[in-house]
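The following blocks contain the structures, represented as structure tokens.
Each of the next two complexes has chain A plus one more chain, namely chain B in the first and chain C in the second.
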Partner chain A sequence: MIKIVKRDQPSKAIFFFTPVLAIFLTLIAGGIIFYILGFKPFEALKFFFIVPIADKYGFSELLLKATPLCLIAIGLSFCFKSNNWNIGAEGQLTFGAIVSGGVALLFYDQEGFYILPIVILAGAIGGIIYASIPAILKTYFNTNEILVSLMLVYVSKLILDYLVVGPWSNPEGFNFPETRQFSDSARLPLLFEGLRIHAGIFLALAAVIISWFVFYKTYLGFQMKVSGFSLKTAKYAGYKGKKMIILVFLISGACAGLAGVGEITGPIGQLHREVSPDYGFTAIIVAFLGRLHPVGIIFASLVVAITYLGAETAQIFMQIPKYTGQVFQGMILFFLLASDYLLFFKFKFIGSKK
Partner chain B sequence: MNTNLKISNVTKIYPGCVANDDVSLEFNSGKIYALLGENGAGKSTLVKILSGVVIPDEGKIYLNKNILKLNSPSDAKKNDIGMVFQHFNLFETLSVFENLIIDSDEQRENLKEKIDTIMKKYNFSVDLDVPVLNLSAGQKQKVEIIRCLIRNPKVLIMDEPTSVLTEQETSELFLSLKKFSEEGILIIYITHKLKEVMQLCDEVAVMRRGKLVSVSQINNENIESLANKMVGQNLKTIKKTKEKTSSDQLIKITNLNYTSEDPFETNLVDINFSLNRGECLGIAGISGNGQSELFQVLSGEIISNKNSIEFNKNFIGDLNPQERREYLMAFSPEDRLEQAAIPQMAIFENVALNNFKSSNFFNNGLINESKIKEHSKKIISEFNVNTDNIDLKSQFLSGGNLQKLIIGRELITSPDLLICFNPTWGLDVGAINYIHETLIKINEQNKSIILISTDTDELLKLSDKITVIHRGKLSKIMNAEDVTSEKLGILMGGGN
Partner chain C sequence: MIVDINFVGLIIASIMASAVPLILASCGELITERSGVLNLGVEGMMIIGAISGFALMTVTGSLIIAVFGAMLAGVLISTIFAFLTQTLITNHVATGLALTIFGIGISAMIGKNFVGIPGKEFPVLFEGLKDTIPLLSPILFGHSIVFYFAFTLPFMTSYFLKKTKIGLIVRAVGDSPESASNQGINVRLVRYACILYGGAMCGLAGAYLSMIYTPQWIENMTGGRGWIALALVVFSTWNPIKILIGAMIFGGLTIIQFHMQAIGVRIPVQFLTALPYIVTIIVLVVISRDSRKIRLSTPSSLGKSFHKDN
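After this line comes the complex of A and B, so read on.
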């Protein structure tokens, strides 16, 4: 007979094992879904997870997609570790892209080494401004940050839409909903000839290192940690709990804004309607799959990035609808949450007593 | 028809605490029963068992001689047991009527008629179409009561019903309850307010630390006798040896007021006292009379007027806890697991919560882990914390060891004043003795203590001066030698 018993303490090994288990279960469930849809499960999974990254170009694409996911998830981990549920990273990304894109357009006919840093900074500031709205409303007016940050996503997308169709649209662009091309000085340099991977990956790596340092080595990080566990304790210790809340929002906004910069100043080089294929939402999954730990987030961003690539490959080669990618992302989160049950409970095998 | 409710040998054990220890009680309709006890005495658990929220480990409940199986709140409802909780369970944005119809099986029209009859009968006036959020606390409570009455209950349990009511609303409530009782509803009234028990109830059962201490007719009791039963009367003769009284004033509180926006908190009214070096001021009182608010105001978690607190000739009323620590104050809050320490963090990280500029735990914004660890080891050895692993998460320390760690963390910096709130709550005798000895020792080193406690024995043992807090007001400050537990009992119940 199998009995479910509560664990005395959450197991550390299980803590890092459940994400792996979740991915494994996702593959099995994915295979079953492919089978039901009438595809050969193994072949479909191969096109989904192996073919896309089998060559140099594919690997570059993987890093390209993982970069914004990693960057945003790092920022979100600050929020989530301190129990602030910012789910509007997509909006912060979009607004960061709008601000940095606007700045880049100011310099569209100029060249100069100083342009790119200004454009990057503008993106971070855009994200910060946009994240400060739910943060301030939460701390001073007791609004729910989940609702506010989520609704602001749609606001930012409509603003972007208006700008690229209206005032910022390319005068020589035949009314396509896009802006002028940025000047080369406003663009993140590509790392290799013929591949799309760009210098934005260094921003993501820097964010990983800085976040690890801040969270585990600094007084600021210590205060965030304490405030996240218990605001009562933070108050008792004399920390400024409200400021900590605002700060984590701003950090996460800055990271999302930078991801937005990467999206528009990288391979594309202009603002257009679809700045991000929901990176801001998918990064929530990445953050949790990576256990809110900087190193975990790197791995998680690579895993989830594959689902983006795999969806495209599978559509091209097997006519499997592209949206299966989102199904996989959903399944990963689902199985992760389900297997987290094992953190607190364990199965005990006991012989039947007679 | 008569209703008889019998609780027979009920025991409920939570990890680390016996919430109900072999409790047996019998109630008959026509009377109002008080269930009296301090926070944590076990009355809430007993009530939760009666309302099906908690299932007892042992024991049975009988209604009119039939065994009741209460596995869920709906079982209690089915068996005509109605319950009004301290915190209301109403949907704020729905109208009163919508709230009432949600868990009713009746037709709209029937229900409306029934509600009208109830309101007329008991003289309730609540507008049914108004959203609940526009109602006063008293009216919300009436909605809860109506919700119970719709089901024609045999038993009505009221959990601390007056904590959010005004005086006027309280007396209205009492009138209604007496009327219900006359109509044959058995009423069980849970409270820690002694005056209300005397005013309202016919019989009173007192609980302390999970056990039923006494059951008696209200005519045989008075406020003092009940207070003594609630807090425990076994006075110990051990008292601090009083050596010398200094006249060197350390802290002075002048006209300190605090008005809370939260209706479940107590307002502090005109707090005035002063304390000399080497003295211990005990603040007695039944819990929920403003102790928690007073602690927070003194520690700086609630900031007040700059001039209202003078410490060591500095005005510090507007400083936060960390800034007050720099002036050599130390604090040990009541709640060990949710406030004084973070169970999920390591021992040494918890030590870093009490941070001074001079302690060098954090240099230039960086964590100085070796310094913190060194300091933690010192605390562990000096204060007998029973572990040698400072990387251990503090949730694995026993209550006594955790409290030693917290007191040690606060005292190792040798502060001039320690403010502690129920420092021995829930500890075993060994740990209690250790904490008491430590507190006596720091008085001997000419340091001062403000001891807020609900344990009268502890206060009489450790204090030089004693005052009582009642409804956010302090009584006059007395010398501990002139105080008896009877006198404290009167003051705690709001008498003179």
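After this line comes the complex of A and C, so read on.
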């Protein structure tokens, strides 16, 4: 007989084991879905998870997709750790891209070393401005941050659409919904000839290191952790709750804004309608899969980035619809949350009574 | 200037038609939330309902199978949410987000084969009475059965919560799961039922979009309506009758876009499209500012997991 018993304390080993279990279960469920769709499961999974990263170019693409995911997820981990549900990173990314893109367009016919830093800074500021809206409304008007940050995603995409179709569209562009190309000085340098991976990856790595330091070595990190466990305790301890809420929102906004800069000054090189394939939403999954731990997030961003590449490869080679990527992402989160059950409960085998 | 009174009636009717999916989804979510469960998967459940309804209609040719199938699909997908949050005690917010991401992905995957297929005509009721009463006729007559159902649903929901025993149990579970449990109520079972009911209503809301409102399948066709429905529940302060008012305001904002463009008002189309989202934020701010009122009307255990130690 099996009995379910509550653990006295959440198991630490299982805390880092369940993400692996979740990925494994997702692969099995994915195989079943492929089988139902009429594909050979192992072949489909191979095209989905191995073929896309089998060569140098594929690996560069993996890092290219993992960079924004990692950057945004690091920012979100500040929010999630302290119980703030910022789910509008996609909007903060888009607004960061809009502001930095606008600045880059000012310099479209100029070259100079100072241009790129200004553009990057503008992106971070754009993300910060946009994240400050749900933060301020939450702290001073008691408004639900989930709904506000999400509504702002739709608004940001419409602002971008308006700009690239209207006032910012390329005057020589035959009315295509896109801006001029940025000048070379406003582009992030490529790391290797012929590969698309760019210097934005260093921004992500810097964010990883800084966040690790803040989480585990500073008073702020400690305050965030306490507030995450119990808002009441944080209140009794006398933490300035409002200030912290605003701060974590601004940090995650800055990270999302930087991810936006990375996209438009990296692989894209101009503004158009689709600056992000929902990186802002997918990064929520990355943050959870990485257990809100900076190192965990690096691994998680690589795993989830494969779902983007795999979806593209599987579409080209096997005509598997590209949305399978999203299905996989949803499943990873489901399985991760489900396997968290093992954190708090254990199965006890008891000899059957006669 | 003479305004054709029937034209006014037609505009009101079109506002009501666009309010239907919001009313259905909000009333479903309201019951779920009243039992203490916050399901952020409304958008995902709606889009699943939309593709299921459209696909079943195309494949089977039966509108009845399609409508009930869409509701069943909503129930099935919300079962995942119910199992995770109630049996495995997962976080409501994260699970709801997963449900939305998963739902959008699955719907696009299934919907791939249904893009560009024309929909079917959905039968309307009381069509013969359409020209009888000025102003009121277009509002009252000539709509689908789902339309009439949606406009009675808030009243039925209100009656259910206030006057029936089961409604009382749902509220008790939402306001104090501990005492409800001590009274011998199976909290988990009640919450399961409320989540599945919410799924059914969201499925129906989606089916209305793909089968009646704009009879075709377009990827992502819910376009954030699920999130607006969630906001409407807060707006209503968990009172079903106020959902009706809120849904009419948002329906009005949607319809006004078309008419402003038709009249030739020089406002960028993107601004008009963004209006419902911006108004949602403003309304939320106005409603939530009074934190005492919100605290009094929010189901006390909303979003909190309940686990009875064995």
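Note that the second predicted complex is superposed on the first by the 354 of 354 C-alpha atoms of A that agree within 3 Å, B and C clash if a C-alpha of one lies under 4 Å from a C-alpha of the other, contacts with A are read in each partner's own complex, and residues count from 1 in each chain.
In the analysis below, a contact is a pair of C-beta atoms (placed from the backbone, for glycine too) under 8 Å apart; a residue touches a chain by one contact, two chains touch by 3 or more.
Just so you know, these numbers come straight off a predicted model, no measurement behind them.
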item	value
Clash-or-fit label for the pair chain B, chain C on chain A	clash
First (chain B), second (chain C), both or neither touched by A:189	neither
Of chain B and chain C, the chain that contacts the larger number of chain A residues	C
Which superposed partner A:152 touches (first chain B, second chain C, both, neither)	second
Touched partner set for A:220, first chain B, second chain C, both or neither	first
Overlapping segment of chain B (options 19-27, 91-99, 163-171 or 397-405) - the one that collides with chain C in the superposed model	91-99
Residues of chain C defined as touching chain A within the complex	40, 80, 84, 88-91, 93-95, 97-99, 101-106, 108-109, 112, 224, 227, 230-231, 234, 268, 270-271, 273-274, 277-278, 280-281, 284-285, 288-289, 291, 294, 309-310
Residues of chain B touching chain A in the complex	299-301, 320-325, 331, 333, 335, 338-342, 344-345, 349, 352-355, 362, 365-367, 393, 395-396
Contact set on chain A toward chain C in their complex	4, 6, 85, 87, 137, 141-144, 146-148, 150-152, 154-155, 158-159, 161-162, 165-166, 281-282, 284-285, 288, 321, 323-331, 333-334, 337-338, 340-341, 344
Parts of chain A lying in touch with chain B, wherever the complex brings them together	9, 217-222, 225-226, 229-230, 232-233, 235-240
